[in-house]
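A short worksheet on the structure shown next.
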Amino acid sequence: MSSSAILLIHCPDNKGIVATVSEFIFKNNGNITYLDQHVDSTQKTFFMRIEWELDDFIIPPNKIGEYFDTLIAKKYSMKWQLHFSNEVPRMALFVSKLPHCLYDILSRWKSQEIEVDIPLVISNHLELEPIARQFGIDFYHFAINTENKREQEQAQLQLLAEHDIEFIVLARYMQILSEEFISHYRNKIINIHHSFLPAFPGARPYHSAFERGVKVIGATSHYVTAELDAGPIITQDIIRVSHADSVDDLMRKGRDLEKVILARSIWHHLKRQILVFQNRTVVFT
Amino acid sequence: MSSSAILLIHCPDNKGIVATVSEFIFKNNGNITYLDQHVDSTQKTFFMRIEWELDDFIIPPNKIGEYFDTLIAKKYSMKWQLHFSNEVPRMALFVSKLPHCLYDILSRWKSQEIEVDIPLVISNHLELEPIARQFGIDFYHFAINTENKREQEQAQLQLLAEHDIEFIVLARYMQILSEEFISHYRNKIINIHHSFLPAFPGARPYHSAFERGVKVIGATSHYVTAELDAGPIITQDIIRVSHADSVDDLMRKGRDLEKVILARSIWHHLKRQILVFQNRTVVFT
Amino acid sequence: MSSSAILLIHCPDNKGIVATVSEFIFKNNGNITYLDQHVDSTQKTFFMRIEWELDDFIIPPNKIGEYFDTLIAKKYSMKWQLHFSNEVPRMALFVSKLPHCLYDILSRWKSQEIEVDIPLVISNHLELEPIARQFGIDFYHFAINTENKREQEQAQLQLLAEHDIEFIVLARYMQILSEEFISHYRNKIINIHHSFLPAFPGARPYHSAFERGVKVIGATSHYVTAELDAGPIITQDIIRVSHADSVDDLMRKGRDLEKVILARSIWHHLKRQILVFQNRTVVFT
Amino acid sequence: MSSSAILLIHCPDNKGIVATVSEFIFKNNGNITYLDQHVDSTQKTFFMRIEWELDDFIIPPNKIGEYFDTLIAKKYSMKWQLHFSNEVPRMALFVSKLPHCLYDILSRWKSQEIEVDIPLVISNHLELEPIARQFGIDFYHFAINTENKREQEQAQLQLLAEHDIEFIVLARYMQILSEEFISHYRNKIINIHHSFLPAFPGARPYHSAFERGVKVIGATSHYVTAELDAGPIITQDIIRVSHADSVDDLMRKGRDLEKVILARSIWHHLKRQILVFQNRTVVFT
């Protein structure tokens, strides 16, 4: 399979953007394999994801960004990202004590369902170390309390930098990240929350759902921002429950949602399908 | 089809309740066609719905309640309701300006999908009068403002009493009922709210859902209590949405949810499948 | 709201199609409000739906097709359709005895949820005449048996032609259309089938679903082709059922699916979102 | 947590069964924690699942079956099974080359989400041996061709007997079991099929689904019978797809369904919630 380039764009809405961008690719002999655009008419903002094969593309990959920026992006005041399908991003996993998301992600990784490098697992607890080891991945333990939090986060950041980590997945990591930490990975930390946000943010959402007597429970993956459980939502799904379900049943049923929803978000992130704009996502699928 | 009796029970959990109740029916020659029970182990509370055919039942229908209360209910400190499948309840519809739920309910009623009497439609606006008329149902208009609210509600209550209304359905009725009004129809007013509560209570939930960038929207039917949109939930369901959906799209897609969810709740209520306990429902299906 | 043009295209896949088409619109001062494309890589076929505002468009609406065909379509061997958002299509409803889809469609039409003209309802039975009348629509009865079928279909076709009907909706019409009839409305007859096709085609799918003990039932809307229940699928959805559901329960629950799924298909058809290719649909949403 | 007894019953429908059975438990000082019954009115057959705590139960566990059979079952011509919640069933996994269901089940087992013993994994291929080993489970390879099939199945049966296997899970095992093999594990072999049966039985259902252009795909778990993919359905679920999904996308999305659906069925089987009657299941949840 040949490599392709992926361009994610957003800018003020304007006539001619699609024509200009697709012309740029066509003139340089690229074959477009995906193009989708979206106009948010309330924000007058244009979004596009475009992917094309690089085989006969005239501009060499390492020059595409420069050319695109000069020839097109500046004219339309575009924000853009350029990715290549043959890059393998580097991801860090943060976990605490619950194993289901960790098992699920590592199984997908090991069976090459997702193409990603996972150099390390970080945890504030020791319980899941055997699982990381079982899959041959380094495990780092950072016990965190109110005194050492800043210091430990700095150590984590250094470790992440050493391993050239591009994005972080919180696979049921039960520790709030500081605003400072988050600022290093803006829209690059994916969390799974075990409710259909904005209902039941924070701790113990299954208990709250039980108390409220809801008939559906959900899970929500989102990029982490400074405000708890309020970042841009990537994926959500639900499962039906009834009066007959205890809190334990909700937790059990919810686990299946959590791991599938989180995996779907990782997929979208890896495939460069997500654009974030004003705390909302555009997910091109 | 022969008539049957339906008994809804809740009481402190105890050994022998099922044996005692089923024995009572068996001894009196009733054939049980439905029995489901639920134990809320956090509340140590027992719930049961039992239905049996009256054909050869020894106790006459009008004596069943008295016998049951004396022989069984008192012993177990039961709260109970007795219904008969051949009763046709009388329902009032409250509407404002949106027609979809009204059309849907009247269509189901007219085609005998639901067995219910609908003597009247009440509205705080005039827009939907032609629909009520089109289906041959009386329409009453009560314009409501802060000055006349108490007075108008009293007039409504009197009208409902005159028509011997058993329960009320708020089919997108956009007017908050007073605590006093609600007290006359405790757990007998069904509302449809256009979000998956407890997310987005109150006004304009589709706008809030759009702002928050959720990927699923929902609808919730619940019994009305004094606290707005916080009563016991009967039914909920959701539909997936994406960044491509405008607020108008959410409203359009949501309408289909609303009418189906509301109809399902009316069905459960009519079939006497719902027990309310501590702001949660047990729905036996 | 200003009017817009909608172009639906399919052709052999080729470089430069998006650039050429979007350039055509841009050069003529059109503002693209929607563009989505799809490449079926197994068929090497390109599909596109593009919509643009006509306000400042240089080519007058009645010339767009001619220009597009000459300048672009021929070069790429395109099949194309051009529609305008301010056209109101004319639809005929075919029904038999079940009222739920008829009520639902007429309610949506009457409340302007769908913009369509419905000049007539055709039926092989008389039961639903009052509903058509109630909504002020002409009702035509064509009793059909093996002897008169050809003749009655010819009469129906003439009636449809007189009323300038563009497309037909079979709203639980329980009568198989002849191949000859269908040939007059190729990909313009929408049927709702009460199962998730290809499971349970033909008659009595709910009975078959019950017999087979399935745990989900579905509904499928599709364009009608000569082979029964085998035409291109437009929309499908399902609802969960259990052992506790009788055939009557399946029918009741299925009705809600049927009417919602059928309405969704009508929406897609009216919005010109559907392309048919080799017995499958591309639905741009 | 104390141990409880679970009784699964079916018999011709009759008055007094619930009373008699619940009386039997009550008189012997059992506390019923679950009771659900179902009457199939087309078959005039009664089904019940009843569970009670054994703490103060007068009859010792090893005598309950005998007493129940003598005192009650014979009178009502009941078929019954008695289980105890503290038994840990022994399960064998059959796999071929696809790892996702295997990973998922072993992860649930290792994290004690399901209480079951898994003494061995059997496969007709060698690819998944490392996964079994990684989780510390014995792996047995039985290459199967038309010549050796009978012989290999006999060897498998002997191995299963030696390990005292109660039930078998086919976790994407791509080899048809002979009628003779199946006869040893009647309603004790759970298969996951990657379509919403009865649509697309047999090989390559995702390819068939793509060809047919369906808008939902599904997965079905069922007990294996002699007729391929036609056994009693335990659980089914679906996921929405569109024209934009290639066969590879269907496979990828389907995998998440398959593993979750299969796990749900194993849960129901382990919790003794399933009764099979005339090729359909009653699943008490």
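When the chains are written out, they are named A, B, C and D in that same order, and each has its own residue count from 1.
Going forward, contacts are C-beta pairs under 8 Å (C-beta built on N, C-alpha and C of every residue); 3 or more make two chains touch, one makes a residue touch a chain.
Chain labels with UniProt names: A, B, C, D = Formyltetrahydrofolate deformylase.
Computed from a predicted structure; not experimentally measured.
Engineer: So, comparing C-alpha centroids, which chain is the farthest one from chain C?
Structural biologist: D
Engineer: B-C versus B-D: which has more C-beta pairs touching?
Structural biologist: B-D
Engineer: Using mean CA coordinates as chain centres, what's the chain A-chain B distance in Å?
Structural biologist: Result: the chain centres lie 41 Å from each other.
Engineer: Report, in whole Å, the distance between the mean C-alpha point of chain B and the mean C-alpha point of chain C.
Structural biologist: Their C-alpha centroids are separated by 36 Å.
Engineer: When you check chain B against every other chain, which residues touch at least two of them?
Structural biologist: Each of 240, 244 in chain B touches at least two other chains.
Engineer: Considering only the defined contacts, which chain D positions touch chain A in the complex?
Structural biologist: On the chain D side, the touching residues are 99-100, 103-104, 107-108, 110-111, 113, 134-135, 244, 252, 255-256, 260, 263, 285.
Engineer: Would you tell me which residues of chain C are touching chain D in their complex?
Structural biologist: Interface residues on the chain C side: 38, 40-42, 47, 196-200, 212-216, 218, 232-238, 240, 242-244, 246-247, 279-283.
Engineer: Spell out the residues on chain D that touch chain B in their complex, using ranges where they run on.
Structural biologist: 15-16, 18-20, 22-23, 25-27, 29-37, 39, 240
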